[in-house]
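So that you can tell them apart, the chains are marked A, B, C, D and E in the order they are listed, and the count of residues begins at 1 in each.
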């Protein structure tokens, strides 16, 4: 009865490597002396990610693309590998941001002693001694591994496990901020409780889908669904599973955690998580919806469309009234989810279809949000990062380069031409319009206008407003952060100016397969 | 060659931004280089067509027909002039932005690819935003924001049209954004109309037309006059440029379908803008609002879609650019002297500043369409075409000439005439300022009597458009 | 009908007629700021010289034209193509024909005289040079107006004279009243220009060209022609100060007196008459339009005369009279047929005697320290003998004293009027009487009676340079009738105005009209003599006419409209545009309260979303 | 012993519903979390039932995985809850609400 | 019949989660649910899960819950009074709506009768599960290791206080005490143990000193500030 599963390690090794690095990190944590841990962990993580990235590229270029492995548990197809690569790229940036220790007097953004109570002598001692939790790197690696699995999951079970693998470290990382511990812990609690709640819903949907199809494999579900047509069981399953994924991406009305968590989490975590989670979640969502539920497209598209509309409108509108930069970017992330969902409404085509559109959007958005939050972490006052929008006034004069770079990211998020965000926006709108979803596109355009408002206002505040007395100042970061910001900016611009190569790559990568 | 035309100012912008010493001189040098490049391209300008973003069918395609030449010339001539005008109270950032604006504006006017056009169309806004926001009146930040919001709003609507084209083009085969390809495209009536509406909204915001004009006066009030010149005289032209190039050029049937509505909007703009201008106390707002009226006339000429109308509209775009530039710059010099733009706080300045007053009057009368000054020719052509379209349209449009006389002369009367009351000495235009204004005034006079070169540039472009439209009807 | 030949010989110099004064204007206006001292010394003589040169050239051209056959007296000179859109071809073309030849003589002749006069009149003005620049500019524009071969060219001159008029009325712009008057003149002229602009448009739409020679009424409906005529009439009303666009002319007297003489009496204001005569081909075929011209003319005749009766300002009396006289010309033009020629005839004689009287008035003011109030005059005949005598010539001419220029020209018009209808004739006739009345009043108050001079005023005769032109113009006022000898002017203009044969089917014989006119005039003079000669009247005999002018009716509500529009724009239009974001922010500000911070609320929204999604999927399927 | 799958699924749906309502109404974080566990258990029940219905063991395997996942989740969750409790001295989920609007 | 009984028991026990005031009671009712479910699994031909459910879920996970409840304080009880306006009503309405939708959906679905697992379980349920687990689901299985490690790290990070200073030995402590006494005359003897002379014996009840006043030092810092008897003006006796 037992058949050895045909696992193609040639295509899987990048994921396994990342997970192995995570385990190695744990070992390091256990045995390496404290002084050596930071450097070891960071180099380990960077090396692992770089190697995995190289591996992903090799897999992407290799001939085995499109094969399923582990008896269908994982599908190593073009879009999947692309999103894996993307996750790895932003995670590289994430590691660099995690490792930033120059901003806060030689310590990182993570708590010195998470177990020490906020405001106690123990906490102060930990801070003074420069303690930090180097466990964040293995945690992050686990999350990255989970995300990579999420991108290529070929069955429901894998999807669920990967979801948890990527989520649990995120819950933990959210609660590890060095400053504003209370906010951070609150964010962690909220993220965790809601995450668990939504994964419960997701799981129930999974059960229903399984009940309908009798199989966990996405492809088989797709076949059964195409054969038998829609049953309430399947539809309810789709709905509940969608909720789980929409929660992860932060779509309205499942978005409420987003601003709180984005604001509360340590900024490097926010930066990385906002980019990476969204990439992984959308990759999984695209696969799930196109491969398993493709036949029910006519049924779920209206619902997703309504959610997209709500997400865009509310995300953008709420962002308008924010006074905290991180929170504003959090709501902006919600709005972007809406735009991405617009892209989801399209169909997969041979040429430029919704898969390409969404993935490109994710690329552009990933770099922009990574860079933007990285800059947020630079802008500080006496008590750490300055979130208050008003205190950013005049930054364009005191630090023109930083402000200008931030403006580039904002403009990209706003979707202005010559930035990646524009092509991304163009793409998702085109995908949706091509599928005849013009009402959603119309709303999307409307909410883009709203969204532009707060991005542009931010630029106005930085460049055209006189600084206040307690204005924030920019702290010079280490090379790590500088490089991340610079590369993100370059990528953002390049994606706008010469998007051709990436688009061609995506077109060549084809669509999601089962 | 056309690529160079675009790249020169762009490179100039970058260099100006980083140049530690004498950045303004560098900027001016680059503006002059662009002027030279512009002149050279008048004669030898092979079209460029390179594939840019293959999956989307986007090309780096540059081409320049007679109409494009007119707009390019207007741009490359105005930029050095405003740079001279701006030298005193603008820093190097402004100069860098101005060059960037020039680069993108030139790109818009020469784009042979709709996607490229759109990118340049939107990209112009960033320099403009910073130019408004960094120099000018106390409320400039808000004005800049308002400006940008209106423009980007319009731009996003245009994006809808852009995507619509892509979808149609993809369905027809391989996608292409080349304007020449799109013109061949068979778009369904319904889609064509929607595309038209989207494009028109964008261009109406840009131009501007009633009722999406409200950013205009706020912007011109707060921005410095050199900025306003670039905005109103160059940037806004993209709106009407787009109406001709894209609305008439790509979706002629829909244009014909929408003409009644457009004409009504244009008429409202003409009268409304002029009436608003009459009621202004702020000189810069006044000048800004006159443009609303003029853009109404230009639009009217475009959509009347006769030979006279189109030629007139194209000429009008150039002439309005020159005349309004002169108005703005002179007003700027005046305001620099008085420290305020409030008309009611000026009186009897003619005595102290006869040259300034005279220049203002000439520019103002040009704006009012006095024969012998360049704007007249375009205005009469537009009026003729409007009358040709429907006599009532002509009758309403013609009120512009009275209203224009009122706002120009009343402003002149309030500012320059009456007993001189000078709390502090006010000097007349100096050499630099005359150097800025004189070329514009000479151009106004010259093209008033010899508009031939402009017309011969515009005519070949008009011919096919008129044929298409008449065939469409 | 205009059917010209190409320019040759001396006629290739037509352009120079315009170019000379234009060059003067350009030289002076640009050169003065560059070299003030030089131009202050010679600028005015330069202007005089160029105006004179232009006059000489005009005379030469006239003589040359006289020497030509009737067929080749219409000469067109194509300078260059002004603008050509493919369908609309407007050349920068000049047309020298019988009509423009007379105008050339009048404009350059009277113009030169007034230039000379101004040298004296403006001697003390520090901006005199610029004044001459403007005068030259005016001449150039006026010449362009009458020499243009098409309506667009005419419009160029038309607006050019408007500009010059604006500049000159407002020459003393430190006076707010002058500045306001200048603006008013220009704006009201522009109201007329709307008509002319539309006429150009209609002309193009109808005939496919704006050239005079392209006017061909044979293929055109009467309705179109009537509209064309009415549009032209509107244009003419503005420029020629005809009711209802007459209001600016009285205010225009704020300008220096030579300006009033040249522009607002002799030349520019008659441009409307020129326009109608030039468009005679259209009016001949457009009966309703012609009738409209007649009606406007009659109303203006009465209005102008009435105004003149009650004004105490000497220049305004003359201005009202000008209106009235131009009304006569319009009347003649509107009546058609030989009337066109008579209109031009009266235009010429009026140009002489009215310029004469204006300059005389200027001379008086010069002596009276620029006081214009008739109440402060009196008994000036001895203080200023030359002025008095020359003014008297003008006076006799205008009231139509037999033998004087005005007699002949007005007589012709009365003939035509009576030929048309009793009513028209009688109104014209009575107005002639009123003319005699108010002019006599002016004479009595200014030159006779007691001295009413304010203190410190010592009237004196003007210098020779001013009286010289007065004498010349006085002579012309007397002798202007020569044009009518043997119906010369009718014959001369016949090829242009397309007049029918001069037939008289009037109810009265020609001689009876003349006699009646003389009688009525005599009564008018007598009445004035009776009223003002016997007792020292120092106030106007009737209460000021409280008839509102058009602009008084239009401006206040106009400003209300402006204010209303401003408010609309600020609150309604911009409110809608910019208020959207504000409303959105307000709504979002309220809605975001849903983000309570309670994790359970968040969970609630997740659950709510779940229920909705689930239900939606079920429902959709 | 019944062969009717529907009954099991309905039971699981009821448990699931109770779980969700509990999450929304209970304030003690631990209890809230227990309700989440109830939801997972409900899903497990459905999985096992469906597994039997379809005659394959995928559902059972999944249920097993869910238990593993739940175990890990519980550890992490309780750790977070403990942290909050130690800081604030309360396990109420309503208490930490500095992040809002 | 057994299903009906088990179903009723589980549902009633599940209701306990909604209505039990004390977390402990909730945990215990959850235990009942889990055991009930385990029995249902047994009836559903899932003997392995039956065991795992009891061992892992009831035995491990629930014990963890209980443990934490102990840490947090067994006494703490939830008031069931709702503080967020409309929350309870909406929660019930939406929850019931969801449940109704699910039940209706499931009811409508044409669910086949059970095929039974006889063939699938051939050779033993555990063996067949293992076959699947190590073939088709082996990657997921591996991935769960990541989960478990994450959980372990998480617990360590959040709960473990790393020792920063070297541990003080008895000698060190004694020397320090004496030094303090020498310097500031600080009490040399041991602190009173908690609960001494007190009416309650929980950790957070301060000891009463012989003079009847309370000693704050007797309460662990972590519990100080909680609701104990007479904490309002503690320490005044010293």
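Everything below uses one rule, namely that contacts are C-beta pairs under 8 Å (C-beta built on N, C-alpha and C of every residue); 3 or more make two chains touch, one makes a residue touch a chain.
It should be emphasised that the depicted structure is a prediction, and the values quoted were computed from it without experimental measurement.
Engineer: Would you mind naming the chains that touch subunit B and likewise touch subunit C?
Structural biologist: Of all the chains present, those in contact with both subunit B and subunit C are A.
Engineer: Return the chains common to the contact lists of subunit C and subunit E.
Structural biologist: A, D
Engineer: What chain lies farthest away from subunit B once each centre is taken as the mean of the Cα atoms?
Structural biologist: Looking at centroid distances, E is the chain farthest away.
Engineer: Which chain is the middle one, judged by CA centres?
Structural biologist: B
Engineer: Looking only at C-beta pair counts, which chain-chain interface has the most contacts?
Structural biologist: Greatest number of C-beta pairs in contact occurs for D-E.
Engineer: Hey, which chain ends up farthest from subunit C, C-alpha centres compared?
Structural biologist: So the farthest one, by centre of C-alpha atoms, is E.
Engineer: Using Cα averages as centroids, what's the distance between subunit A and subunit B in whole Å?
Structural biologist: One centre to the other, that is 43 Å.
Engineer: Provide the C-alpha centroid distance between subunit A and subunit E, rounded to the nearest whole angstrom.
Structural biologist: 32
Engineer: Taking each chain's centre as the mean position of its Cα atoms, how many Å separate subunit C from subunit D?
Structural biologist: Result: the chain centres lie 95 Å from each other.
Engineer: Quick one: subunit A and subunit D, Cα centre-to-centre, how many Å?
Structural biologist: Going by mean C-alpha positions, subunit A sits 25 Å from subunit D.
Engineer: Provide the list of subunit A residues touching at least two other chains, using ranges where the numbers run on.
Structural biologist: 114-115, 157, 161, 164, 168, 171-172, 175, 189-190, 193, 197, 201, 208, 211, 232, 235-236, 259-260, 453
Engineer: What are the residues of subunit C that contact at least two other chains?
Structural biologist: Residues 581, 592, 595-601, 603-604, 607-608, 610, 614, 618 of subunit C touch two or more partner chains.
Engineer: Residues of subunit B that touch two or more other chains: which are they?
Structural biologist: Expected reply: 149.
Engineer: Which chains touch, pair by pair?
Structural biologist: A-B, A-C, A-D, A-E, B-C, C-D, C-E, D-E
Engineer: Given the complex with subunit C, which residues does subunit B contribute to the contact?
Structural biologist: 146, 149-150, 210-215, 272, 275-276, 278-279, 306-308, 311-312, 348, 350-351, 354-355, 358, 365, 370-372, 376-377, 380-381, 383-384, 386-388, 391, 394-395, 398-399, 401-402, 405-406, 409-410, 412-413, 416-420, 449-452, 455, 459, 462-463
Engineer: Given the complex with subunit B, which residues does subunit C contribute to the contact?
Structural biologist: 29, 33, 80-88, 92, 152, 155-156, 158-160, 163, 166, 170, 173-176, 178-180, 182-183, 186-187, 190-191, 193-194, 197-198, 200-202, 204-205, 561-563, 565-566, 569, 573-574, 576-578, 581
Engineer: For the complex, give me every residue of subunit E touching subunit D.
Structural biologist: Subunit E residues touching subunit D: 2-3, 7, 10-11, 14-15, 17-18, 20, 23, 26-27, 30, 33-34, 37, 40-41, 43-46, 48-49, 52-53, 56-57, 60-61, 64-65, 68-69, 71-72, 76, 78, 80, 82-84, 87-88, 90-92, 94-96, 98-99, 102-103, 106-107, 111-117, 119-121, 125, 128-129, 132-133, 136-137, 140-141, 144, 147-148, 150-152, 154-155, 157-159, 222, 225-226.
Engineer: In the complex, go through subunit B and note every residue touching subunit A.
Structural biologist: 51-56, 118-123, 125-126, 129-130, 133-134, 140-141, 144-145, 148-149, 152-153, 156-157, 159-160, 162-164, 166-167, 170, 175, 194
Engineer: Can you list the subunit C residues touching subunit D in their complex?
Structural biologist: Listed in rising order, the residues are 592-593, 595-600, 603-604, 607.
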